[in-house]
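In the two assemblies presented below, chain A is common to both, partnered first by chain B and then by chain C.
Up next is the complex of A and B:
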């Protein structure tokens, strides 16, 4: 069996069409898969986040209850108990900061918020259910007024300078700065 | 004169400053880089017993010696490490200068006094403590006695007349004895430092759920380093810088062993407070007729 140039030309065309079809199928397959996987992943992330928020709120519920009742020292001790079980959890630092702030221990409260934000930026994200933007803004105002005022009166005091630096860190995170 | 306050009526309470044995011990232990320069002495407040205090502060003394380049020997002491009430007494009587305050626990360089009761006692408010048995900590303890005495006076409760009686435990580890005295029912109410609640709960010695905090004092400065009025300002600056620069991982060699300075001293760091931060203690001392303002 012999093939002339015309046959070879048609064969080549057929091969090109078949190759194109395979390529199209492959592209369509991968594009759709990625889209489906993307949806799954986003949903998975949302579910993870909601589960984490619910878990954190339940876990720290007793601390919140004590804090609301004004039993601040008891709330700190309960927080210690949880921290021994979940060391380095940002929400614990946030609650500690809130309690210390209410007790008037301003520099330590600021330091606690700083520790929390270094671990998790959700607390300055207005869209997050964990957001503490309002509280942090208030703390920054108090910090600049009280600690900033003391630092200006005592420029040689390195501890006050460090405390004001922490206030500035919170201020920068509120302004959208990140780590 | 720094030792003037020992002559006050409170000297019988045995709240003493340990003198130069700490530095002597250090240098006997062998220091191959003995610093040159002035000879200084640090008086450390004795919390529980002499041996414990020696061991606790030997690394810090060695560290300061290395960083500030000074030697320590017996004599009129140039530096003190005391609670914040003794700081204001020494400041009032001898012109002591503020160097830095210890940081430890929830409140950093500050602490508070609490009045607590067992949760099952039925005592719920400060008003409920009238006619009850109360146990204080040491009489010169800012957050084990002074703050709570002041809390009661401010609430219209005179500890001298409105309680069934009050007591102070004898011997060492008074703060822990206060908690145990309450826990095992010898007393109805206890004057506990907030820091001790925190530490004893962390050690598993008490369960915070067993207690109710009836009242808590305002925050007051914690233990404090002071310097004598005539200490060379350059040395004072070096000592302060060394204290403020101390990090958790800093070590010194004691008896051939590398020891963490802060951990040994039961301190998490140091903070530079202002002398005016101590005004709150001065006000408490005036209201409670305590040194250095007591009148008879």
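Up next is the complex of A and C:
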């Protein structure tokens, strides 16, 4: 294969542009490249997430206070009010699940946790500030023991079967995987 | 089966290493039962590049980079790198998209299918049956004259583009520019040390290039050749290695329920993997094999890889990907659309005898 003047010219141009690109990136890197690029999506995403977590914790603060004081019915009423303003917010479902669990309404508590996790998987993530991994593990243990036992005794009961299915979903989310 | 056949032992070694690395990468930090999963890794990498916005699925998986570059270096070293292509480019691109659809609905590629299976996940059984059914359907298609055409060797260098792209991804991974996203939570935040992922991936890529190892190829050759197929023994070595390590590391949990990254929609697990098996036979390999072939200079496989990245973005952005809760309506529709695509391709690409 022979290279004529056309090939040599374009080959030289290629080397010059490549060199210019390397030089540009090297200069940008030494002069604070990430900020010079003007784009840091990871940082933006992280800031958005921190702001969201802080907002959610502030918004549901009154509910948490009522729950801590043992005023569970009032806490549920406050949750209903917030859910009308922010339908589909996972944190509301999580708090509802915690309150129902404390009231001993196991199947409904499990259903609330399931609804929360379907919207936001952070609650099962040990690294997340919203993590409820310990509570969910306890709920799964209780669910398998109590609801599982009831379902085995009454296999024809559709609502018990659905409750056990929810427990298995929580169990699967705790196990991990790509989600 | 000729025990003196060196190729047989390379295939067995590749299968065993794939199974072992698949479990070990999960031990070292990758998500449970997802030590190696081409589809999950592509979804994660598409997210890292900003192709979708799921904040729990954004990480540029170094294993993918290792597969392609390991295959490229090995092919070049053994003078097997051939820039070739030109066979039905657009159908191959679309095939890549639907490969990802099938994998996302099952929640895993054929490698992860068997990793889940060897970890005792009985929900993978439907996927195994589906994969076998899909491969069978693909073989029937090939036998009936369905042919996407042969790639041609060409000296234009298009085969360098995909290895070049993955080399660029390696540079980006190391340099970490601001537009690259790495999840701080979720499954994408779970990863093995990057050097282990990259190095292991490169060794596996090289082994797979030498051995031509392919999961769906193993199923295909078993259906055609039975015990004479070297790929069958590679697949069995994979299963043996993965099962042994899962048992040794306490990751074997036999059952249907509570399995990581699994759902109970068995029909759609079957159909998703059937779609993957069917397409894989028609285009000449599973998602992993497509990456290896792209590393060898096969531009047709490179287009499949591009299609898989597009598919990886779509399955996350459009809610096609299944979750532990099950398969969404969009996911079911996407699988059926994929079946329509394969059926249409079967009719359009069939070489018929002249009347």
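Here is the rule we use: the second predicted complex is superposed on the first by the 137 of 179 C-alpha atoms of A that agree within 3 Å, B and C clash if a C-alpha of one lies under 4 Å from a C-alpha of the other, contacts with A are read in each partner's own complex, and residues count from 1 in each chain.
What we mean here is this: a residue touches a chain if its C-beta (ideal position, glycine included) is under 8 Å from a C-beta of that chain, and two chains touch if they have at least 3 such contacts.
Quick caveat: nothing in here was measured; it's all calculated off a predicted structure.
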Check whether A:128 is in contact with chain B, with chain C, with both or with neither, and answer first, second, both or neither. second
Now for A:72: first (chain B), second (chain C), both, or neither, which partner does it touch? first
If you stack the two complexes on chain A, which partner ends up touching A:113: first (chain B), second (chain C), both, or neither? neither
In the superposed arrangement, which partner chain does A:60 touch: chain B (first), chain C (second), both, or neither? neither
Should A:93 be classified as contacting the first partner (chain B), the second (chain C), both, or neither? neither
Of chain B and chain C, which one touches more of chain A's residues? C
For A:168, select first, second, both or neither according to whether it touches chain B, chain C, the two together, or no partner. second
With the two complexes superposed on chain A, say which partner A:104 touches: chain B (first), chain C (second), both, or neither. first
Chain B and chain C footprints on chain A meet at residues none
Going by the contact rule at the top, pick out the chain B residues touching chain A in the complex. 106-110, 112, 114, 194, 197-198, 201-202, 208, 212-213, 216, 218-219, 244, 271-274
Of all residues in chain A, those that touch chain C in their complex: 29, 33-34, 37-43, 45-46, 49, 114, 118, 121-122, 125, 127-128, 165, 168-169, 171-179
What residues on chain C touch chain A, complex-wise? 31-34, 37, 40, 43, 50, 55-57, 107-108, 175, 177-182, 184-187, 189-190, 253, 257-264, 323-325
Which bits of chain A are touching chain B when the two form their complex? 71-74, 76-78, 80-81, 84, 96, 100, 103-105, 107-108, 111, 150, 154, 157-160
